[in-house]
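In what follows, chain A forms one complex with chain B and a second complex with chain C.
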Partner chain A sequence: MAKEIRSPLPGTFYRRPAPDQPPFVEDGGSVAAGQVIGLVEVMKTFHEVKAEEAGSNLRFRVENEEPVMAGAVLAEMD
Partner chain B sequence: MELSGRRLLVANRGEIALRIGRAARALGMEVIQAHSAADADMLAVREADRAVEIGPPQAAKSYLNIPAIIDAALRTGAEAVHPGYGFLSENADFAEAVEAAGLIFVGPRPETIRRMGDKAAARAAAVAAGVPVAPGSDGRVRDAEAAVRIARDIGFPLMIKAAAGGGGRGIRVAEDAQALPALIAEAQREARAAFGDDGLYLERMIRDARHVEVQILGDGSRAVHLWERECSLQRRRQKLWEEAPAACLDPDTRQALCDSAVRLARSVGYRGAGTLEYLFEPASGQFFFMEMNTRIQVEHPVTEAVTGIDLVEWQLRIAFGQPLTLEQGAIRLDGHAIEVRVNAEDPARGFMPFPGVVEELALPPDVRFDSMLYPGYAIPPFYDSLLGKLIVHGADRAEALERLRAALAATRIGGVKTTLPLFAALAEDPDVAAGNVHTRWLESWLERNPIRS
Partner chain C sequence: MAIDVIKPGLLTTIQDLGRPGYFHLGIPMGGAMDRLALRAANLLVGNPEDAAGLEAVFMGPELEFTTDATVAVTGADLPVLLDGEEQPGWSAIPVRAGQRLGFGYLRAGARAYVAVSGGIATPPHLGSRSTYAIGALGGVQGRAIAAGDRLPLGPGNAARPGLTVPEALRRLPASPCELRVLPGLYWHRITGDSQRAFFEDEWKVALEADRMGYRFRGGRPLEFVPRRQPFGAGSDPSNITDACYPYGSIQVPGGTEPIVLHRDAVSGGGYFMIGTVISADMDLIGQLQPHMPVRFRQVGMEEALAARRERAALMARIRAALA
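Then we have the complex of A and B:
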């Protein structure tokens, strides 16, 4: 079964640290446990979203700069 | 020009949208509320005569989307657009686009917004109008000898800063001319080592600075002041607690400060409501102009409380071409007012934002509470955390503080964490009661007085 990474907070999801920088993780990439995969902006403050466990073939379920609810699945991985 | 029956688009959200809508309706105007997809159930939408969606939740695609707002105004037959504060309120391009569409922008002329929004241009305008600005070396100083000469004009204490620096590195404070040469040499060495550039500049240090600001109203030809506010209680440069008048000023200083603001407003032919921000140094009694905000401010209600004048009503009257009929001599200070900003933040957890659903809502009677809350309201996470402002008014500062304590004790906002516990603690603090604060005071107080949930 695929592993899920969920948003800890409601807000706006960002895949990049800044608009002119590459994404934290590319589509299909691998992550280590604790690695940052994106940011959630809530009330003008930014919070890191981390992978709780290691995984590979990361597939984002939410677009960059898309609104998300708390608990929303941001990405899946193997 | 009669305002009754005229149609206004409110291009903002939250408590200020509600405030503007109510002022407009009291004048007999018809209110169209612009809103994002996330704000369809906000109070300002419910109270408006009509609502129009301008885009998705993200502010960049809705409240900051100039074409979408202009289009909404034209589609709904609005004649004027009120930008509120934040978002596009100080965007000269937006003001220009509103006017180019044949609509009224409720605010200053675009060229005034542009000029006063540019730090250097605003400083030059202030100097030209005889308004004091914090003196500095206007660029790099060549060597210690030049520094001593320039320092005489700047005054002490002064800061020696590295031209290539940042983050406080390379800053030295010179108390007098005697200490200057050694400190310059030290700062040069450190700057060379840290940045590979020993360029220095000098700036007057404003010790125990207090944030004071003057409210002005102008109609393009006349301008008056509505006295000043003090907003020294800040965290990360965010104001949390504001008062009117500023208790740190004596009557002569107050008069000089407010007169200087009117001079600047007149010199630029200011139209609308505006605020000139200054830093005041208690030890020297000097004040220095910092910047001008060309919009209504969050803390405007404390000025309304002590003057009895409705600032948003005047913004609308002036925008529709009515002359400013307020006489300076008739604008009197009545008592003392305090406002606290109720933010959806948890002061016990580093002021972490706390969007959520408002459950119970209990408010003190007979106290002004400008807020966007209602029981069951889901606070969206997409915008700033301001939920409302509690404003108390008393015959003097001691009475205003007493009323604040009583009001805070009677206020309950269930379901979300707010800054209310912070204000309850501050209202009991002896330094706050004595007015012994400055712009850096709250941050160190918070380290000594953690708020428990």
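Then we have the complex of A and C:
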């Protein structure tokens, strides 16, 4: 079964650390446990979303700058 | 007689019912943004309604108890987990020393209130334990709780596990959420078209929404009645000569994005205020998530005061249900 990475917070999801920088992780990429995969902005703060475990073939389920609810699946991976 | 903070959550703060009486010095009353929810949580665990508890926003903390206690979580629909087992919200839950209280993903609302029998007993400042982070007052050294903090508890003995607030007496905002507004002193500064548009349009909660104020976006920009700006006012038509800002007042800088001031409000400044959200609806604002649709509805003083009485009657019913 695919592993899911969820947003802990409601807010706006960002895949990049800044508009002029590359994404934290490319589609299909691999992550290590604890690696940042995106940001959720709320209340004037940016909260880092980290992969709790290592995985590969990361597939984002939410677009860059899309509003998300708490618990929303941001990405799946193997 | 304490709680250890394992994970702090996002911006979890100690709040009671605040420190009224210092707004003229620029220090807001602060306190729980959903006052009814904190009062109910305290009653559930046998505390006075104004005891200090935790206000968690959007995500919960993880806490470990060093003592047996009773806890209650009210406000937002945030699943309560005791050693990983889900527990009912709006209910008194017995906790044993060494157990961990955690939370799942937020289902509805924005702020959960955690009351513990005995109340949190950090030192009061200016008569309150409420955390006013901007002014570094109250709470734990004037800040949100952090991992490693040990939160002292007062003596508690009146808790009765099993108590619950009936579902009909719990309130979270509908979607769209309606906020009732009494037009204010500067209502005449915008055109008749803009007065109508403000109440017709659907607004959305912006990401800039915190204890100080809630910003809204999405409605039409306001048009101002032309005038020569008075002495002391800034040059933008949304500027006024500095004035006091009430809690709930709605300023609209540049006429574009309304901001409703909340419990940690700034006390005054130079933006015109279109009106004020009535006191009965202030708790609802504290339960709004970003991106939620909101409509403002115009009311008069009679309706505002009737709504305040209804709100007091609801609290009286909660008190009776838990007596």
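As a convention for this text, the second predicted complex is superposed on the first by the 78 of 78 C-alpha atoms of A that agree within 3 Å, B and C clash if a C-alpha of one lies under 4 Å from a C-alpha of the other, contacts with A are read in each partner's own complex, and residues count from 1 in each chain.
Keep this in mind: a contact is a pair of C-beta atoms (placed from the backbone, for glycine too) under 8 Å apart; a residue touches a chain by one contact, two chains touch by 3 or more.
Just so it is clear, the model here is predicted, and its values are computed rather than measured.
Judged by the touch definition given at the top, the superposed model places A:65 against chain B, while chain C stays out of reach.
Judged by the touch definition given at the top, the superposed model places A:17 against neither chain B nor chain C. Set side by side, chain B and chain C differ in how many residues of chain A they touch, and the one touching more is C. Judged by the touch definition given at the top, the superposed model places A:6 against chain C, while chain B stays out of reach.
When the two complexes are overlaid on their common chain A, residue A:43 makes contact with chain B and with chain C alike. Overlaid on A, the two complexes show chain B and chain C touching the same residues of chain A, namely 9-12, 41-45, 67. Chain contact summary for the complex, chain B toward chain A: residues 38, 56-58, 344-345, 352-353, 355, 381-385. Contact residues of chain A toward chain B in the complex are 9-12, 41-45, 65, 67.
On the side of chain A, the complex with chain C involves touching residues 6, 8-12, 41-45, 47, 67, 69-71. Across the interface of their complex, chain A is touched by residues 10-11, 57-59, 104-107, 110, 207-210, 289-291 of chain C.
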